[in-house]
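Letters are used for the chains, namely A, B, C and D, taken in the order the chains are written, and counting of residues starts over at 1 for each.
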Amino acid sequence: MKNSFGNHLNVSLFGESHGEEIGVVIDGLAPGIHLDMDFINAMMDKRKAKGRISTQRKEGDEIHIVSGYFNGYTTGTPLTILIHNTNTRSGDYEKTKNRLRPSHADYTAEAKYLGYQDYRGGGHFSGRLTAPIVAAGAIAMQVLNEKKGILIGSHIAECHGIKDTLFSSDESTLKSEIEKMNASDFAVLDKDIAEQMHRHIEEAANIGDSVGGILESVILHMPVGVGEPFFDSIESRLSHLLFSVPAVKGVEFGLGFDFANHYGSEVNDAIIYDQKEHRVKTATNHNGGINGGISNGMPIRIRTVIKPTPSIYKEQDTIDKETHEAVKLQIEGRHDPAIIHRARIVVDAVLALGILDLLMERDATLSMFNRT
Amino acid sequence: MKNSFGNHLNVSLFGESHGEEIGVVIDGLAPGIHLDMDFINAMMDKRKAKGRISTQRKEGDEIHIVSGYFNGYTTGTPLTILIHNTNTRSGDYEKTKNRLRPSHADYTAEAKYLGYQDYRGGGHFSGRLTAPIVAAGAIAMQVLNEKKGILIGSHIAECHGIKDTLFSSDESTLKSEIEKMNASDFAVLDKDIAEQMHRHIEEAANIGDSVGGILESVILHMPVGVGEPFFDSIESRLSHLLFSVPAVKGVEFGLGFDFANHYGSEVNDAIIYDQKEHRVKTATNHNGGINGGISNGMPIRIRTVIKPTPSIYKEQDTIDKETHEAVKLQIEGRHDPAIIHRARIVVDAVLALGILDLLMERDATLSMFNRT
Amino acid sequence: MKNSFGNHLNVSLFGESHGEEIGVVIDGLAPGIHLDMDFINAMMDKRKAKGRISTQRKEGDEIHIVSGYFNGYTTGTPLTILIHNTNTRSGDYEKTKNRLRPSHADYTAEAKYLGYQDYRGGGHFSGRLTAPIVAAGAIAMQVLNEKKGILIGSHIAECHGIKDTLFSSDESTLKSEIEKMNASDFAVLDKDIAEQMHRHIEEAANIGDSVGGILESVILHMPVGVGEPFFDSIESRLSHLLFSVPAVKGVEFGLGFDFANHYGSEVNDAIIYDQKEHRVKTATNHNGGINGGISNGMPIRIRTVIKPTPSIYKEQDTIDKETHEAVKLQIEGRHDPAIIHRARIVVDAVLALGILDLLMERDATLSMFNRT
Amino acid sequence: MKNSFGNHLNVSLFGESHGEEIGVVIDGLAPGIHLDMDFINAMMDKRKAKGRISTQRKEGDEIHIVSGYFNGYTTGTPLTILIHNTNTRSGDYEKTKNRLRPSHADYTAEAKYLGYQDYRGGGHFSGRLTAPIVAAGAIAMQVLNEKKGILIGSHIAECHGIKDTLFSSDESTLKSEIEKMNASDFAVLDKDIAEQMHRHIEEAANIGDSVGGILESVILHMPVGVGEPFFDSIESRLSHLLFSVPAVKGVEFGLGFDFANHYGSEVNDAIIYDQKEHRVKTATNHNGGINGGISNGMPIRIRTVIKPTPSIYKEQDTIDKETHEAVKLQIEGRHDPAIIHRARIVVDAVLALGILDLLMERDATLSMFNRT
């Protein structure tokens, strides 16, 4: 599917960093959704570069809906969102266009697109392309919340070794933590840790370097019985989307890699019945809300690693793509010393899109908005 | 796609643990492939339960090709492989069928299939289903090797804390390591570590418990320029398949989660030109052979965590699925104290299937321009 | 998707005429369907060759369900149907295997599969492959009828110039006509016409020739609002399936090609409101129940042309596939002087599969059988 | 796939008649295609309304490429084309918006989109949406011609009973006929017939009525061995696309429905070997270049019926969608007395898109064997 995904919700992404428009077409949305533009714009704003811990390229990122929306409601036909690129400084890339940037897609794009790709600002590989994804994800998040009471949220669990506290295992506490994170610009649960991380990113910026980190995400109030065994497990579908987010290099569910350090008897989740809520639960949630690829009703817990931004100001070794000779690269342009605080919103967006697509598979109410 | 996957190679999986047949339909294979049955059977054999570190359910796992194969060659039409279930002891499951097994799919399957699922031996969720996947994967591995010189291999990098040495970063050493692993029943690079792990699994079996671990996998001689930005990145496609393997709860590429502990300047892979091989390389391979979702020609490095087998003999707390009352569960039947040594083959198989599918796509997109 | 189709119901077909097994995997069926084996076998029986107007190759066509069915109900996991090939006489094809049969797939298969295809009895291109399609279609037809009261039926509207009366425009008369056709072996509305056609096919057989015809099909009680504008119109989805039936060379909806002979004012369907049934109808049904690609609640009317069986006993001109020299071909083996009376069942089957797939797109009750 | 199609070329269509933009995203195009804008604009121009035989709504239909095109070449990333709607007169639709237009999608859209659809000018169901399809098709046509020498063309074979001569069976004559048709505004082979048809459409306009017709299309120089048996036959794939063109109600290949009037011996295509061209041919082409769903190298012949435009000025019977009471409808707005001369270009466009998508697949399946 290349730049599209979804079995029920067909999302097609397009554009380049310095092209005229970037955007997304979302097909399969139910008719009759009144979009909450304040919510969508708030999510767009959180993805934006701000202050000294982000690139100095400031973009309006105004979303412009050109189809599928009529009299304030979705029509049920493809909804197209355009975002105009404004603050482009292509000149920054002319000088170094032949110098392959380490850990960027310059060389792989050259190999795949035979030199015809738009190299300016990373072209189609630019983080800019996550703006339309966030716009689409905001719509998905609104739908999931309004129709199913599903909440999705993430926080920066680690940033270059600095660790935040983890999301609570108590569902009502978790709910308020998610709401708090979704309202904040720099999503960290512990205020002091937040300041430490912020300061550390600034220091990385000062030395022309970059840092990464780990996001902890949670999906609360997930219905039971969603997903498929084998090739369409929830883990398969969500990891597919998470790994489409630039800089993501690892994804784990529940205990994840820590499962390797335990006996089965230590990490099996005992099954209990909650007499008050009249539902089956597990005493612990080491499996992160998923068994056999299918949701069990407990919160879905995901951890995603974001690598340090490859664009750094420090001088690097590379080659000239035409002469193949070794050259030094001094990256110019405007870059992020860290993107984890912005990637957080993109991760929430793809999770929302993935969950909505999964739910539509068996839930007619999601494709037919005013039937319940 | 539920129990199918692939854009070019359409693989459909079917069957239940105690059903009559399990199998797979592979559509899209080129015509004229002479299957190496010895190689396929050798891979099937490595997936099999053997000795005291595996379940005592011993299966013939004889593969039976009933379509798409004629006069010793693939025909190009759907190739169907059947595997007959022989050694079933359904009685083991009757007594406890109402007791939801912790960390198994019993409850989620009940919720999804409304009680109609075949519960015997885990039914469709059984590890048995990985047998046809391995058969399909063996064919993919043969094709990749014969037509592209691509090698895929894995070893047990960790088993309940016991760590093997890692795959070499030298390509020729790596090649022999892969061949060694692919020839061994218990894939560990260091002989002494192998014995330690083996002993530890036996000890876990003795106390009625189970252990998991981490697999390190590598794809050698991957062509440059394969994969797509965003939704069909190599990471997206491979993780989708890896997470379809039962017990996989985490996947990382290159440095993976360790990226969170480094500065960009420490983990960016400097680009060099190899004058002997006349190709672009990177001095290090922290990105695991993938940039921007596309292969860069370096070995693709993947780590996958396999959780401890949820089936343990120790008594566990659960509920009766009908009365909802708390009950003790004493699992009967025949189980694996560890599956990581068998899962290794399944991981190789899905990687081979994923890479073959990806390559068929790339050849498609390029082929309009170098054919007549 | 090659030998598979469906967005919600994934149907994968496999096998060759003289191979060991032919079959189909149906993924996406709801759990809890108690299959009506008498109904399925009755449909299988109607597809079978019988009497002098069909091939003398008589097949048991016993369907054998090997997965996805447990204790008399579908499990919701892939349902696999195998049909064993018994009455094969491969020898018939040895002598003439190098002589490309006119209007058969011999030459195109040779070009596509590079000579590796199983040529015996047409291999994968054989009408035999329609047996598993009918088995799958019978299940779809049962589900549509039980859950939605949808009826599907066809009759031979024309056979080599001999014309049957058309289906009634009155819905209750139409209902009984469909039931009558579905109960008959040789589906023709007018008894006398049936005899004429039957006699004419026998005469064609006597002179070693073959004839084709036109099927009129109808889908009754179709819900309103199913289908998509543009690329997934009902016409697009159904024609896609109809043209997958061997020998189909034309498909039309409503007036079809006759639209070319009328003014808009003559063929527009006036819209009326039925006070008794409290539903919108059209005074006429020239559009065959579909407007803008979407169902309008009127019966869907389809006409499909079946070309004369290319296998005839008369001597024909062709070439030797290796030497390319002109040769005479005297086809041996056992062939049908007409297949339209058997193709009728296959057409009903693919229509049922297509409609079920379309309805699942927005109807949860179809994927979750005991929720309504 | 709703408003998208393609296995290799992913085409996503969006927009409404009176919305801000209509457009298309084409993903999967090879990099390095220098677009022939004159050719694309010429095709756009032929789709345009002109003179008295078309609607008086005149649109600029200027195509605007906003992504996937850089320095005059395709980049290989999604190519997005926008077309701005200019000449909208939404007021025309206000008065009659509650009156369901017979044989239009008004009622079915209402049922599907629950009243949220943009009703102005037919909204998403408008023929306007064929403009981006033609733009995409023009690119496909250019690629097919430049890379494969494939030519696609259509002419009006019938218009309300008036018949043109048919395409020649001689390939070189056919080639010049296709070129002639592709260069003409009103594609009819016989000059006098062209005038008759033109006059007849004007007369239909004068009496406030409309007419339809039949298009004969041909695909010349089609490679041998393209397509799949069963569900992805060339007929299946092309009919799927043809039936997505508004007003198409029937599609036939080769002799099509006329097969019903012949003996097998009359319509089987004898196979011959052309010593000059060193290729296999058939003496006749009753099967329209396709056997068993796969191309045989002869010209692919298709006939498509276009129903009379449902928008007529004559008064019609319908109901009010809210009160359900019977009302008279006097359509206002600007309409086409015939669209067949414009639909011709849309048919060529979808055929080109379908063939390009099919060829990319075939190159994929073969490519494992003639690449290194």
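Here is the rule we use: contacts are C-beta pairs under 8 Å (C-beta built on N, C-alpha and C of every residue); 3 or more make two chains touch, one makes a residue touch a chain.
The UniProt protein names, listed by chain, are A, B, C, D = Chorismate synthase.
All of these numbers come straight from a predicted model, not from anything done at the bench.
Steps from subunit A to subunit C, taking the shortest chain of touch contacts, total 1.
Counting C-beta pairs in contact, the pair that comes out ahead of the other among A-D and B-D is A-D. Using the mean of the Cα atoms as each chain's centre, the chain most removed from subunit D is B. Between subunit A and subunit B the centroid-to-centroid distance comes to 26 Å (mean Cα coordinates, whole Å). Between subunit A and subunit D, the centres computed from C-alpha atoms are 39 Å apart. Centroid to centroid, with C-alpha atoms defining each point, subunit B and subunit D lie 45 Å apart.
Within subunit B, residues 1-4, 7, 13, 28, 32, 76-77, 112, 124, 229 each touch two or more of the remaining chains. Of all the residues in subunit C, the ones that touch subunit B in their complex are 1-4, 10, 12-16, 19-23, 25, 27-28, 31-32, 66-68, 70-71, 73-80, 82, 112-118, 123-124, 368-370.
Subunit D meets subunit C in the complex at residues 1-5, 7, 11, 13, 100, 102-105, 107-109, 111-112, 124-125, 129, 158-161, 204, 209-214, 224-233, 235-237, 239-241, 243-244, 246, 248-257, 259-265, 267-273, 280, 282-283, 286-288, 290-297, 303, 305-312, 314, 316-319, 324-326, 362.
Subunit B meets subunit D in the complex at residues 7-8, 28, 30, 32, 76-77, 143, 147-148, 229, 359-361, 363-369, 371-372.
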